Amino acid sequence: MTLSRPRDGLFHLSIMSLALAYALLVLLLLGAMALRTDLASISSILSDQAIRRATLLSLTTSTLSMVIALWIAVPTAYLLSRYEFFGRRLVDALVDVPIALPPLVVGLGLLILFRTPAGAFFESRLFAVSYEIPAIVLAQVVVATAFAIRTMRATFDQIDPRHEDVARTLGMSRGRAFRTITLPEARKGVVAAGTIAWARSLGEFGPILVFAGATRMKTEVLPTTIYLELSTGELGRAMGVAVLMVALALAALIVAKLCGATGVSR
Amino acid sequence: MIRLDSVSLTRGSFSLREITLTVPSGAYGVLMGSTASGKTTILEAICGLRSISSGKIRLDGRSVDLEDPAKRGVGFVPQDAAIFPTMTVRRQIELPMRVRHWRRARVRERVERLADMLAIEHLLGRRARGLSGGERQRVALARALSFGPTVLLLDEPMSALDDDTREQLYGSLEAVREETGVTALHVTHSANEAARLGDVILRLEDGHVRRVGSPHERPLGSVQSIARGIDA
Amino acid sequence: MLASLLIAAGLVVALVAMASPAKGDPPLRLRCAAVLRPAMEQITRDYERERGVQILAQYGGSGHLLGGLQISHHGDLFMPADESYLDAAGELVVQRTPVVMLRSVLAVARGNPLGVSSLADLSRPDVRVGLADPDGASIGKLSREALQDEGLWEHTLRAVLVFKPTVSEIAADLAIGAIDATILWNQTAASIDAIEAVSDPALSRRRGVVSIGLLRASTRPEEAKLFAAYVAGPARIRFEEFGYTLGGDP
């Protein structure tokens, strides 16, 4: 569609100005951050061992959390989109809860969960979670999965179930029809859900602070670093880490766009 | 043979009661009825996509009520053709044969024969996007026939086509009837289609199926003798 | 789908490698107020080098750290910005050692453009004032007490633009220029270039005592006691270097 018809001028003007206004707001926000950053702090954070480890830990945990979130979200969203079963509405509402909860509450809930007899049993028999790296991943997965489910749910709702029906008459089981027909059709949605899960995990702070702590060289991820630097008045370094995070997020979003673009559009 | 005995089913507020119909082996059955009379639902019940509350469905004498759609061996061409958007035309015609672990050479030969019969050779490398309505129907037809089903179900295949394309599809369907000997049930609201294609014409009215007649009175025996030409 | 499982497996291996503890004894776990971080980071490094004992420190707001402690009963040592948090921890803390004093100051932008000179100026209409949370942060509690003593609390409360949960957050607001004046720990004010400290006698009289507490939950209490003694003894020189006031000073 081109933006040429004069009769539609007012409409086009209004949608364009709203879009531009928002894009400009994001740009100004980034610009304001850049103003507070100087090259000295950027180079000092890049050579800081603790920050390098936090970066590595952030990237590793967010990517792992994204994979786990997708493995949970894709089947869950498919189930909610295609099947009627007792308690469906309840499950549907429950998987949205982490989106609505304040981040601190998510962390607090997880911390308390692992103090219950069941949680303590898990930690004593298998591996420690609270204040350790698994806590970071778990805190990220809880929130990221909820967002991934929302995205996948919208995707599956838009895919015609007739295709799966036909695949079944052609000799495929439900599982095989899902893998060969529906999942490839949902590719763009999977990429979008993965992107949002990854970005949420990378930026997650509140639950991680409470559940995994802010221990240097141990459970310190990039948002924790910003918090720690800010808490000791190192505004310049905090902004430097923030700029680093913006760069990582932009890189990831570009990769995701490229992945989505190679997919088949319907 | 397609045979329904007193089949009833309910779907929300809509229900079909005590449907009984027969299409003899190798015959081309046409089921007529007004819009929303439940014709599509009957097809879905036959291929197993919708469960029935009572009655019996037999295909070639075999009771299939409890069988999964994958096991019924019914070729189904839905109204919108439901071409899979993520794969090429060749790939989706091959799919039912791959699922059944056919040998590669046999798959290739089968695809060539179907493509030739339905005049879709030039489409094999294309994807769903950009196929015309008639092309989609013929691809869906090739896909439904690829694994050599004995029963073929078609849901208003002509409804969205212009006159020229419709003429082409008539040709394709006649070729299918002559060459495969499949037992077909074709759903439509058009009396023309029924008159041109039907060996057996049925009408669904007020939840009952009534046999209208067979304009051709084509001897069934001769149809069956032509059959198996392309049968796997 | 298989690829995603392989990626996940690789990431788990990487995380296990990152989490694997250093050889030797497990580290001591310290929960420490964020305001003490500059000195404590140096001190834990010194201690590790001198005694070969690793200290894993978690920095945060005192109240926040206390909350986590009360839920998890986990860790060896607790070092909040103010003794009241050790009191609040009750029987979770079995022994405490005083380390350093924190003084409070009026804090303004460098150059003091609005000429703020006393607590009374905090209720001036042209001064945008923010304070640390009086119920959650020790500096906030101290600010309230000082203002109440001067009979200024009610007045100031009406003028306060914002409360922030910790001293660090309100300091950051001042550094950015979102507020004009606040009350900070002297140490916090001194560590930020953009901030200037103004002393007011009413504030100078008030101090926070930082003590390091040994936790009942400690799995290695003897090791933990040794570290506490080190922090309160040989390490005090580090606190002086970073501009903290030692316990004996006026």
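So that you can tell them apart, the chains are marked A, B and C in the order they are listed, and the count of residues begins at 1 in each.
Basically, a residue touches a chain if its C-beta (ideal position, glycine included) is under 8 Å from a C-beta of that chain, and two chains touch if they have at least 3 such contacts.
Computed from a predicted structure; not experimentally measured.
If the chains shown are joined wherever they touch, the resulting network is a simple chain of contacts running from one end to the other without closing.
Nearest to the overall CA centre, using the mean of each chain's CA atoms, is chain A. Averaged C-alpha coordinates put the centre of chain A at 31 Å from the centre of chain C.
Rounded to whole angstrom units, the spacing between the C-alpha centres of chain B and chain C is 76.
Work out the mean CA point of chain A and of chain B, and you get 45 Å between them. Contacts from chain C toward chain A in the complex involve residues 1, 4-5, 7-8, 11-12, 14-15, 18-19, 29, 34-35, 37-38, 41, 56-61, 64, 68, 71-74, 166, 168-169, 171-172, 175-176, 188, 191-192, 194-195. Of all the residues in chain B, the ones that touch chain A in their complex are 44, 47-49, 68-70, 72, 74-76, 78, 80, 82, 84-87, 95-96, 99-100, 127, 129, 143-144, 147. Note for the complex: chain A touches chain B at residues 160, 162-163, 165-173, 176, 180-181, 184-185, 187, 264-266. By the touch criterion stated above, chain A contacts chain C in their complex at residues 36, 53, 56-57, 60-61, 63-64, 67-68, 70-71, 108, 111-112, 115, 130-133, 137, 179, 209-210, 213-218, 228, 230-233, 235, 238.
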